[in-house]
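Take a look at these structures.
In the two complexes that follow, chain A is the common piece, with chain B as its partner first and chain C second.
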Partner chain A sequence: MSVLLLRLAGPLQSWGASSRFARRGTEVAPTKSGVIGLLAAAKGLRRTEPLTELLGLEFGVRLDQPGQLLRDFQTARSLDGRQSAPLTYRFYLSDAAFLAAVSGERELLHGLAQALARPRFPLYLGRRSCPPAGPISLGVHDDTLDDALTHWPWLAAKWHRRKLASTVRLEIIRDVRPGEPVTETVPDEPISFDPAHRQHTWRTVLRRHVDMTNDLAERAGVNGHDPLSLLGG
Partner chain B sequence: MFLTRFQINPARRNARKLLSSPHAMHAAVRAAFAAADDYARAGTRTLWRLDTPTTATVHLYLVSPGRPDLTHLVEQVGWPTSDEAWVTRDYDGLLTSLRPGQQWAFRLTANPTHSGRKTADAKETQRFGYLREHEQMAWLVGRADRHGFAVASQQDGRPNLRLHRRQTQTFKRGMGTVTLTVATYDGILQVTEADAFRRALTGGIGHAKAYGCGLLTLAPAPGSP
Partner chain C sequence: MSRTIIDVYALQTVPPSNLNRDDTGSPKTAVYGGHRRARVSSQAWKRAIRLAFAGLLDRSQLGERTKRVGESLATRIKELDPSISDEAASALAAEAFVAGGLAKAEKKKGEVKDVESGYLLFLSHRQLDNLAAAALEAARDGSTLDRARFKALVNTEHSVDVAMFGRMVADMADINVDAACQVSHAISVHAVDNEFDYFTAVDDRKADAAETGAGMIGTIEFNSSTLYRYATVDVDALHRTLGDASATRAAVEAFLTAFARSMPTGKQNTFAHRTLPDAVLVRLRDTQPINLVGAFETPIRETHAAGRIELAAAELAKHTVAVETAYGERPVGSWVTQVGEKTAVLADLGKAVSFSELVSGVGEQVTTALGQPA
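Up next is the complex of A and B:
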């Protein structure tokens, strides 16, 4: 089994799974439908075309730098100012970085990695206004999805790592395999991106954690300062 | 000298008053000493600080010349039926064992300030708090020497110092309002001069000592035996 690793980082990201109407939320991590859509855009698939081989990919993501939630309150009006659009809230993750992995056939993944290097349509992180910072593809590796997400170096920025403790627990959200206990379901399994008939189904996900050692941690002990320990408890 | 830890029950009604107003807490700390001599002696005074090691755990630390009696605090903001209402330990053993060259982890909540004139033609000078992180760091590093210690360096050469709980506190004092810039410093220090360092531990560092600033406490440095 091969795995294609992606670095999803940028000033803003927005990954919606269940928003309707005027309040457009974001998940805490990239969604499967968002990343499949990104790969389809790189390959130059139009929205009306079937996704076929992309539907069989297994997906997982590691939350390397969670970022901060940003709310954008929009009061759009028409050009002459007479009509106002509905007031909307749009939510973004700012300064976040994620390691995403898709696993599948080797040839398919190599094709996707090449497409990411020369994308046919512009690539964006969940919403058109959120361009990625730096190349997205980290290459195809002969590894399982779990091992790749566990062992790949931490993508968080230095300024973020300095603020954390010397060991950090990162969350991994990935597809559930048959036979594993179902923990959670999200409406995030894409079937078709056809604007006239967009379709998603339920995706079952599993959350696990991986511990990273943080060599940039500043050694001062913010936690556990106990002055009485010098005086016999 | 004595070091005392008292755990505040934040669910008690009076705790809100004490935790929000250093002025009220100062009065409560002062009331822990029947004899004036136990509260302040020549060269030493009572210092206090609030620590929040975990959410909803609030510790009040006291360093005082005499042994405090915190019964009134237990009744108002503590757990009256608990066996160990507060812990007081003799501080002199540690104070006499201080030697130049020792490394300690420390915590200090302080009021980093400088004084100056608000405008060039203002008659009076006044005190201003340092608000920026690098200024607050430089404040402590700059006055470490006269208090008999030096802040240790990290591998990258910057001082081994971390600031957290940087805030501007405002509270009522009588008819007026007091505004304080407060920052908590955590880091590693090295003792350079034992006598000056002892004075810093018992007399405090910086201004606003009545209002929970200036108390420097030590803990074992990580990695040291």
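Up next is the complex of A and C:
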């Protein structure tokens, strides 16, 4: 198996899974439908075209720098300013960085990596006003999804790492494989992006963690904090 | 398949101002690099760009975004045939949108009301003119517009603003237009804290009455910032929608001009924040758009020796070279317009020219890239 790794980082991103109407939320991490959509856009697939081979990809993401929730208030007016549309609230993740991975056939992933370097449609992190900071693709690697998400260097910024302890637990959210326990079920398995009948089905995900050594921790020893030891425990 | 992508970067200093505020009246902000930054939403600046288009392009190249589609079409029908009554014109307009499936038929008969779409509908002036002509023609033949003809009319002769910013119609996805440009939220290159201006307003007649005290008091929140602004235009997508190389060039030139010179108007009368960018950098690429915001992930801190803009320009120049070297990216063309010594370091990144030369230089190369003689 091969795996294509992506760095999804920028001042703002927004990954909606179940938003409707005037309140547009974001999940805490990139969604599978969002990332498959991004890959489809890179390849130049129109929304009405079948996603075929992209649907078989296994997806996982590591929350390297979770970011903060930002609520954006938005009004819309006609050009003459006389009439306004309903007020809307949009939610973004600001200051976040994620390592996303898709695994599948090597050939297919190479094609996707090339498409990311020369995308047919402009790419964005969940919403059009959120262009990524810098190029996205970290290349195709001969690795499993799990190993890649566990071993790839931590993408968090230095300022973020300095604030944390010397060992940091990063969350990984990935597709569940047959026989594994399900942590959560979300409406995030894309079938078609056709705007006339957009279709998602339920995606079962598993949450696990990886411990990362943080050599930039400025509060050394925080991790060694074990109050019970005083009690001889 | 060759690609043409225009990346536009601008550094722009704004004085104390509140050009884009949230529902509590505070200037919008976002956290980046662990520090709070001033933010101007992409939507706010896109509106300013659309308004600026009116001074740069002919009306026939622009459109109208409104719910009051019936009123708009009825006016045009009247213009084409002044003999028609107001009611008949409104009825014809309503019929056209009902036939097209974008408005519901009135339940009550009798009084004629202008139909509205349930959402802001973006149509080009030419499309509206064509609809008016077609509706009149159908009425003269004693028939009505059918849905196929309606769709055909709203899917041809797109205006520059519709092509740039896109059109989303949930009820009828096949008349959607994919936006050719992508505008990011502007954020400050440095950390900011919003500040409060406490004000009093004195009643003019109070002096005569020898009264003291203010007529009213209040506070206005504001900040001042040096903004990093970024937008990218997909020239191929623009060309597909407009269908014509010279219209594409005109659209690109108008967009660059409007992007650099426009300004959201929030609290403009209070703060007069009418600045122009300190520097504009344009990179023409044949690969991928590259947002260089990473240059400012570590916020700029001014020193005794150098101010924000000077340090920001240096960071942007350094980061541009670093990213492009790391990924083997080579822009096909590059132009810079910069003001004064402080942003001089950016001039090394491309052809240093005046802004009008920048615009026409990019326009020329767009024409070449689209395979047409300049």
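Here is the rule we use: the second predicted complex is superposed on the first by the 218 of 233 C-alpha atoms of A that agree within 3 Å, B and C clash if a C-alpha of one lies under 4 Å from a C-alpha of the other, contacts with A are read in each partner's own complex, and residues count from 1 in each chain.
Just so we're on the same page, a contact is a pair of C-beta atoms (placed from the backbone, for glycine too) under 8 Å apart; a residue touches a chain by one contact, two chains touch by 3 or more.
These figures come from a predicted structure and were not determined experimentally.
Once chain A of one complex is fitted onto chain A of the other, the partner contacts of A:A165 are absent, as it touches neither chain B nor chain C.
Of the two partner chains, neither chain B nor chain C is touched by A:A22. When the two complexes are overlaid on their common chain A, residue A:L55 makes contact with neither chain B nor chain C. More residues of chain A are touched by C (comparison of chain B with chain C). When the two structures are aligned on the shared chain, A:S229 is found in touch with chain B, with no touch to chain C. The intersection of chain A residues touching chain B with those touching chain C, taken from the two complexes, is empty. Across the complex, chain A meets chain C through its residues 10-12, 67-68, 70-74, 76-79, 83, 85, 87, 92, 94-95, 116-124, 128-135, 157, 159-160, 163, 194-196.
Interface residues of chain C facing chain A in the complex, by the touch rule stated above, are 3, 5, 22-23, 28, 30-34, 37, 41-43, 47, 50-51, 64-68, 119-120, 170, 173-174, 176, 178-179, 182-185, 187, 230, 232, 234, 237, 286-294, 297-298, 323, 327, 329. Against chain A, the residues of chain B that register as touching in their complex are 3, 5, 51, 53, 61, 87, 89-91, 93-94, 105, 107, 154, 160-162, 164, 186-188, 217-220, 222. Interface residues of chain A facing chain B in the complex, by the touch rule stated above, are 218-233.
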